[in-house]
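Quick one: the structure is below, questions incoming.
Going in written order, the chains are labelled A, B, C and D, and every chain counts its residues from 1.
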Amino acid sequence: MTAYIFYFGKVSALTGKEKEQIDLPETVTDISSLRQWADSRFQAEGEFLNPKIRIAINGKILPDSSMLEQIDEIAFLPPVGGG
Amino acid sequence: MTAYIFYFGKVSALTGKEKEQIDLPETVTDISSLRQWADSRFQAEGEFLNPKIRIAINGKILPDSSMLEQIDEIAFLPPVGGG
Amino acid sequence: MIDVSESKIDASAALKAFEADLNGAGAIVSFTGRVRETSKQERIETLRLQAYNPMTVDGIAQAVSRAKERWSLMDVHICHRIGHIAPGETIVFVATASAHRRDAFEAADYIMDYLKTQAIFWKQEITTCGRQTWIEPREQDYEDNARWD
Amino acid sequence: MIDVSESKIDASAALKAFEADLNGAGAIVSFTGRVRETSKQERIETLRLQAYNPMTVDGIAQAVSRAKERWSLMDVHICHRIGHIAPGETIVFVATASAHRRDAFEAADYIMDYLKTQAIFWKQEITTCGRQTWIEPREQDYEDNARWD
């Protein structure tokens, strides 16, 4: 499963990059396992498991229980705020 | 006692004029008697006695008990509001 | 800056001048009040505004002082038109500036409530049919103003 | 009109365009938010704003819809800048128009609270010394936003 991933805001400080295209391993089946995968990949010591970081799949924020199918785009969204 | 009098807002609908210069009679000694004088002069049926019409003497709003001395300018101020 | 005059108000130019004078203000709120086209189904020909200076300007200056005591403001700018004002034209422009936005919002709101209910102005509406009516604040205006007591 | 782009925002021109399009609106409120010169005594070099479209614009459009259900509004106009923004430049411009002023005031206030705490943006402050910090909403911003629940 190839996905385009965005690491927004302070998440990019954990990853050292703001986006990448990557083949996800088969162990990544839902949002929970996506969080686990990212956390160990970037040695983030649980930061990716923090519910304050929301996850959008194909432009829609989804709960941790959501299964991952037909993913084009993943985004990690830390707390937002503009203005 | 000669005074310059302004009749603002809806008060001018009672007087038919917005200002005048006039010699006040000697019976006008305080703000109460000024109200009485204006009310009978313009046959206003008590409109000038309404406390919602405030009276300014020389640019300062004064209570009905105030004595009138050294008057240059009198203004009758009905309820205000701009914007 | 407080300006009460018969000159037309250009809200956009007034905002530009206000912003140009500010150093470091993060938040700027402006309010523009304009003459409506109709009143109770009748077309408005003109709105006439009377003031009584220096009482009018002094009263506004005191309201600005109270606002500056109550909120942390960098600047306040008020333009209020008097004389005859056509529909669509601007009667009043208020701008406030502060470091954080709540101060600017509340101060602009407060100053508008003052102008609507306590500032020394009288408003006469003249319709195209010739009806002339002196307009007093609405009950809602007095209630809005009482929020600050 | 919702505009999220890297183009510079001219608040005065935006207010002019907004007012020109309005027929019969008595009350217009605008808010301009600008980048401050300093943060914790350090000079700011630039503020960087990220968005994630279409999510960002869709979210703002939904907030405008909620505002239009809640208040009687004639029009709403929002410009939000993204990319690198220099001190003194405008990050956000919001304008609201209504027949009576409370609607325009409250809707502008509501929309700003949404933009500050819920809109899909991320803000990075870069100081002249090179310190880079991702900025999250202040506790006060969340409290302000909770007023509308």
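Quick note on the criterion: contacts are C-beta pairs under 8 Å (C-beta built on N, C-alpha and C of every residue); 3 or more make two chains touch, one makes a residue touch a chain.
Predicted model, so just to flag it, every value in this text is computed and none were measured.
Enquirer: Moving only between chains that touch, what is the shortest number of steps from chain A to chain C?
Expert: Shortest path length, in steps: 2.
Enquirer: Tell me, which chains sit next to both chain B and chain D?
Expert: Correct list: C.
Enquirer: So how far apart, in whole Å, are chain A and chain B when each is placed at the average of its C-alpha atoms?
Expert: Here chain A and chain B have centroids separated by 76 Å.
Enquirer: Taking the mean of the CA coordinates per chain, how far is chain A from chain D in Å?
Expert: Inter-chain centre distance comes to 27 Å.
Enquirer: Measuring centre to centre with CA averages, how many angstrom lie between chain C and chain D?
Expert: Inter-chain centre distance comes to 23 Å.
Enquirer: Quick one: which residues in chain C touch 2 or more of the other chains?
Expert: Those would be 33, 112, 116.
Enquirer: Which residues does chain A have that touch at least 2 chains other than itself?
Expert: Residues of chain A touching two or more partner chains: there are none.
Enquirer: Show me, using the given definition of touch, all chain pairs that touch one another.
Expert: A-D, B-C, C-D
Enquirer: If we count contacts the way the header does, which residues on chain C are in touch with chain B in the complex?
Expert: Contacts found on chain C: 33, 49-52, 54-55, 80, 91-92, 112, 115-124, 134-137, 141.
Enquirer: Can you list the residues on chain B that touch chain C in the complex?
Expert: 6, 8-10, 13, 56, 59, 75, 77-83
Enquirer: Under the touch definition given earlier, write down the residues of chain C that touch chain D in their complex.
Expert: 11-13, 15-16, 19, 23-38, 99-102, 104-105, 108-109, 112, 116, 140, 144
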